[in-house]
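The first chain written gets the first letter, and so on, giving A, B and C; residue counts start at 1 in each chain.
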Amino acid sequence: MGNCCERASNFFGPQKNTNVRVSLPAVCFVWQIAMIILFGVFIRYDDESDVRLWLQFKRENNITSDIENDFYFRYPSFQDVHVMIFVGFGFLMTFLKRYSFGGVGFNFLIAAFGLQWALLMQGWFHALDLTTGKISIGVESLINADFCCAGSLIAFGALLGKVSPVQLMVVTLFGVTLFAVEEYIILDLLHCRDAGGSMVIHCFGGYYGLAISWVLYRPNLHLSKRLNGSVYHSDVFAMIGTLFLWMFWPSFNSAITDHGDGQHRAAINTYLALASSVLTTVAISSMSQKKGNLDMVHIQNATLAGGVAMGTAAEFMITPYGSLIVGFCTGIISTFGYLFVTPFLERALKLQDTCGVHNLHAVPGMLGGFIGAIVAAAATEEVYSREGLELVFDFEGRFANRSVGTQGGFQAAGTCVSIAFGLVGGTIVGFILRFPIWGDPADDNCYDDEAYWEVPEDEETLPPVLEYNNHMIHKHQDM
Amino acid sequence: MGNCCERASNFFGPQKNTNVRVSLPAVCFVWQIAMIILFGVFIRYDDESDVRLWLQFKRENNITSDIENDFYFRYPSFQDVHVMIFVGFGFLMTFLKRYSFGGVGFNFLIAAFGLQWALLMQGWFHALDLTTGKISIGVESLINADFCCAGSLIAFGALLGKVSPVQLMVVTLFGVTLFAVEEYIILDLLHCRDAGGSMVIHCFGGYYGLAISWVLYRPNLHLSKRLNGSVYHSDVFAMIGTLFLWMFWPSFNSAITDHGDGQHRAAINTYLALASSVLTTVAISSMSQKKGNLDMVHIQNATLAGGVAMGTAAEFMITPYGSLIVGFCTGIISTFGYLFVTPFLERALKLQDTCGVHNLHAVPGMLGGFIGAIVAAAATEEVYSREGLELVFDFEGRFANRSVGTQGGFQAAGTCVSIAFGLVGGTIVGFILRFPIWGDPADDNCYDDEAYWEVPEDEETLPPVLEYNNHMIHKHQDM
Amino acid sequence: MGNCCERASNFFGPQKNTNVRVSLPAVCFVWQIAMIILFGVFIRYDDESDVRLWLQFKRENNITSDIENDFYFRYPSFQDVHVMIFVGFGFLMTFLKRYSFGGVGFNFLIAAFGLQWALLMQGWFHALDLTTGKISIGVESLINADFCCAGSLIAFGALLGKVSPVQLMVVTLFGVTLFAVEEYIILDLLHCRDAGGSMVIHCFGGYYGLAISWVLYRPNLHLSKRLNGSVYHSDVFAMIGTLFLWMFWPSFNSAITDHGDGQHRAAINTYLALASSVLTTVAISSMSQKKGNLDMVHIQNATLAGGVAMGTAAEFMITPYGSLIVGFCTGIISTFGYLFVTPFLERALKLQDTCGVHNLHAVPGMLGGFIGAIVAAAATEEVYSREGLELVFDFEGRFANRSVGTQGGFQAAGTCVSIAFGLVGGTIVGFILRFPIWGDPADDNCYDDEAYWEVPEDEETLPPVLEYNNHMIHKHQDM
């Protein structure tokens, strides 16, 4: 197959050099060594994972049972989130006919790097003990690190098939860094609530990826058109990703919410919003085709919009039917996005968005931020009780006197901050990625695992079409 | 392939109209809007997921730790059940060579609708507060909603490839309704125990699907014979479903059993029964083939029979070796079913059962019901202790004086109720589905995703090398 | 396809008889019946899964909440481990182009048998109540049973495609038996700590499989060379196995560690080691190819080395950066193993290792044992506190006065014991497997599901037959 690629390149002009034999190992080694050094300087176990500190903690707080360790509140949710990051995002990106290795493999690589860098960046901003100069990590830190990676993995969705693994490492390095900063501004300075990350994860990640993709616009991408699509089984692989994201999204939105009712409510709300999204996605997808056929692109993506849009409001008292309404609307909006907005963006804005992250993350995330603002502003003591309001919105310390109306305003402001960080940060990173040193593929060589992977030769997959041809051939011969 | 299908239809007479462009969106929109309205009227958070009520609940019951919230007892099991419903059932039905989209996609659609309708139906029957007129939902409600969907998904297994998505929505609407009623009769009126749903889920769902399929008998289904089979990779996809069902079945049977020893014991019993089923399934499958080869159909399905059959007895003190015996027998029975009963049913009873739900759900479920009856009747105070008997069989209130013998009788009666509901309900629904308005496929167009999905053209799985050869071949011919 | 196989065999000399129609059912039935009898005699529910005993246990220990039941500490981890055993190991072995059924199917069979035999063997050595003569089982027993199977599944990896299912049952029978003995020596007599089983699981299992494979050396295996490789989609299937192993390894290493900080810390350490392995694996894999392309074999396997190597030290205070260093080194060593050691072993030692278990389990497991020894010897009261040391290393009873230095020595000794058991045991089992009664395939018939499975005829995946046609076509054209 190598030959045919070269032929192609000779025909379409000189092939870009996709050789990453020096750059990729260099980046992996240097950054991993840096991680080890920085972890050595900064990262320690927290009170609940350090044997000496936990024994001390139990004594000081009269804790009689180990079940009170945060591990038992959060670990099951952590594992669900972990599956979403590696299998969910990874397999969702296997849908391309000849880029399944890249989809799941590069997702694996950048998440494995990103979570380490995230532990440091988020630690410096949220968990740095200024007296000791150390960062304490526990299971909640692992969940947040996975969340932080999600931002960069979403960006990867917009770039899928058009960039080199080295570029993806750069996207992740900056993506995690920007994430930690915007998260600090939104959660700490503006004191927003965003348990499931509609704002800080999906909205930021979506616009971050779109901005990068916009800067990296490829005018001749049509030369790779033959590979920019799925085959039957690659679509089934992608459904593995879709379903694990869909099933575990209640864990995603409830993983770091308050113990007890908080996690419980967030899971219920997300479960309902997702169910509602599925029906409206199917409805719009069917309406859009001549014979009412369903489009796998919609089923694989828009069904998840309800989970994205509930990321902020899931822990609030949005009510079960409120959750259904959120899923109902976002399923419609997301499917319309795949039908009309993505083609429009490519035509009018010269924006190439492989997975349509605009429709699954950017817009539903933004909507989720504003939904959260409205639900927060509408909170009442009748519904929450005074104590409940303080718990859910964390009105304490210097925020003790904040009103729900003010909180709603800040939630909306937070959404804008995440958009701004995504667009500005993505644009800058995009220009960095345009340096001709990253080994990215040529326009006629995109969406092709041949560029970065050793691909087995498939004598064995032959479509019926060809069998048919063979019959024809025999016929010809008989003549 | 579109062309070839049309040719086929021209040849075999006029193609039925599978256009669902109006009916499918209409059903999805109308029913989802109905869900939103009904949820608005009836559904509220329960004491453990509502912030105000949970704070109050903790005060009133002197609960000091949030870990006492039912969320932490049941959420991990819920997520396992959720995976079984969407990935387990979904991928188990991807085994057909050209119906993988329909198998996993329609499973996704009907489960997403079914769980909403289930929350309402089960709520009205089990959790309606007559003073407030509201239904309180928590994590246990979500598990029960997933369970309720399972009944309809099992029925889907019998109809796989022969019905339209609109018909499946109707199957689910009535399936969930019937489920809630039979469940109310069996669990509340007869006061049966059926934690894993051998009776209410598997036995009902199996016979429900078989009755529908019997009414929808297609005399010329042989015209689709070419597509009623697997290909190598579709069988591997189906194993994803099999394994997630098999691994998480202990969670399925223990998800709603009593806290503590109840969940613990149910998981152990199911784990053992399933392991035992695998060995007897392999044994019978190997004996059935000339060279002792194994048949994927048996491995994909009959290995699960032990879990189905333990659905009622799992929470009882059936003993570990008792569990092994249950798995041993049901593995054999189920495999024999695939070898002899399914072909017989099709020949003699004109009953077409695509996935063989008769052998995996109907019969093992019925057996599970009777096994539960026997184990209940054999319970003694020596083994359970008096207090234990009351806990396990919930002998309190007006059932305080019920003997284990009586309980066994009622368990057996419950099994019969579930069979009756399945057969009668399924027959009625079957006749409803025969109206010519549902867009079902023609006999020569079954098991084919082309009918309801946009299917990618697979010439692309053809490696350039081979394409190249073909060009050469054609060239030769021209010479 | 049967035809072509026979043709091949006629050409390459008489086909070995792979008929297992008598032996496989016989083994399954006899052993399963033996399990039932032995379970009847020995296995009972433990204090936390037996309703009477649990009520009594709660009274005696003043336990007020069911959440204290070990089920809630361990069940989520158990389910993750269960997924690793059946989907993780199973799908990791689907990478061969025509042995995916055997990879996932035989893994399913031997694990289902192995876990039953493991409950008995481990029970006799660890949980036999000498007064009653009974073995009490609970969720921790199930986890240990799954662990015990892992040893034999690892051995399966070295034998993949070259043995019959009957031979695999024998490998598992002896593998589980040897495992229980070496585990007893290492954990009870030497009083080693090995929560994640670097020594008892991976090191033993790896060398056990290698020794068997060495005895079963096939000089003419090159005759099956055409099938000893992957196709595009079989590599994607294998990534399902890789990712579920990778994601859930923190649960594997923390599943049976001490409640509270022990499980918490083990999960964090494993999470970090695995992340670090991914980057170094990618780096070495890329360096090894001309154009810097990545090799799926490395990504599928070496990325897991960090988890294997943390099996012993995960519960110790190895520190987060220590975990990163472990992953860093083992990722490099494992990838080098795939590049250079496996080919060398085959050439020089006549050792055929299909999945390269030498590089993923044997060597990283051995290293993990020694890493554990060093970390144990380096433990100090400053870090652990006196009480912490006693808890983590279980210095009580007759080991109350053991020093950490001594502990380190015993940990190292334990590693050697596991190697010895693997090599000696494997050699003996290998010779047993050479009796000509097991129905193993001929050298030209390896890596082929045709031998033991009913394989669907894939119009879609071109069988050799069709390849053959193509040759014919060319011939015709030449005429």
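In this text, a residue touches a chain if its C-beta (ideal position, glycine included) is under 8 Å from a C-beta of that chain, and two chains touch if they have at least 3 such contacts.
Computed from a prediction, not measured in an experiment: that's the story for all the values here.
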| item | value |
| --- | --- |
| Chain copies touching (subunit B, subunit C) - same or different residues, decided at half shared | different |
| Cα-superposition angle relating the copies subunit C and subunit A, to nearest 5° | 120 |
| Chain centre separation (subunit B, subunit C; CA means) in Å | 32 |
| Overlap residues in subunit A, where contacts from two or more other chains coincide | 67, 72, 76, 98, 233, 240, 458-459, 461-464, 473, 477 |
| Subunit B partner contacts - residues on subunit A that touch it in the complex | 1, 4, 67-68, 72-73, 76-77, 80, 97-98, 226-227, 229-233, 235-236, 239-240, 243-244, 246-248, 250-251, 258-265, 267-268, 271-272, 274-276, 278-280, 282-284, 286-287, 289-296, 299, 303, 317, 319-321, 324-325, 328, 383-385, 387-388, 391-392, 457-459, 461-466, 469, 473, 476-477 |
| Subunit A to subunit C touching residues, read off their complex | 18-25, 28-29, 31-33, 35-37, 39-40, 43-45, 48-56, 65-67, 69-72, 75-76, 79, 82-83, 86-87, 90-91, 94, 98, 100-101, 104-105, 108-109, 112-113, 115-116, 137-139, 142, 165, 233-234, 237, 240, 439, 452-456, 458-464, 467, 470, 473-474, 477 |
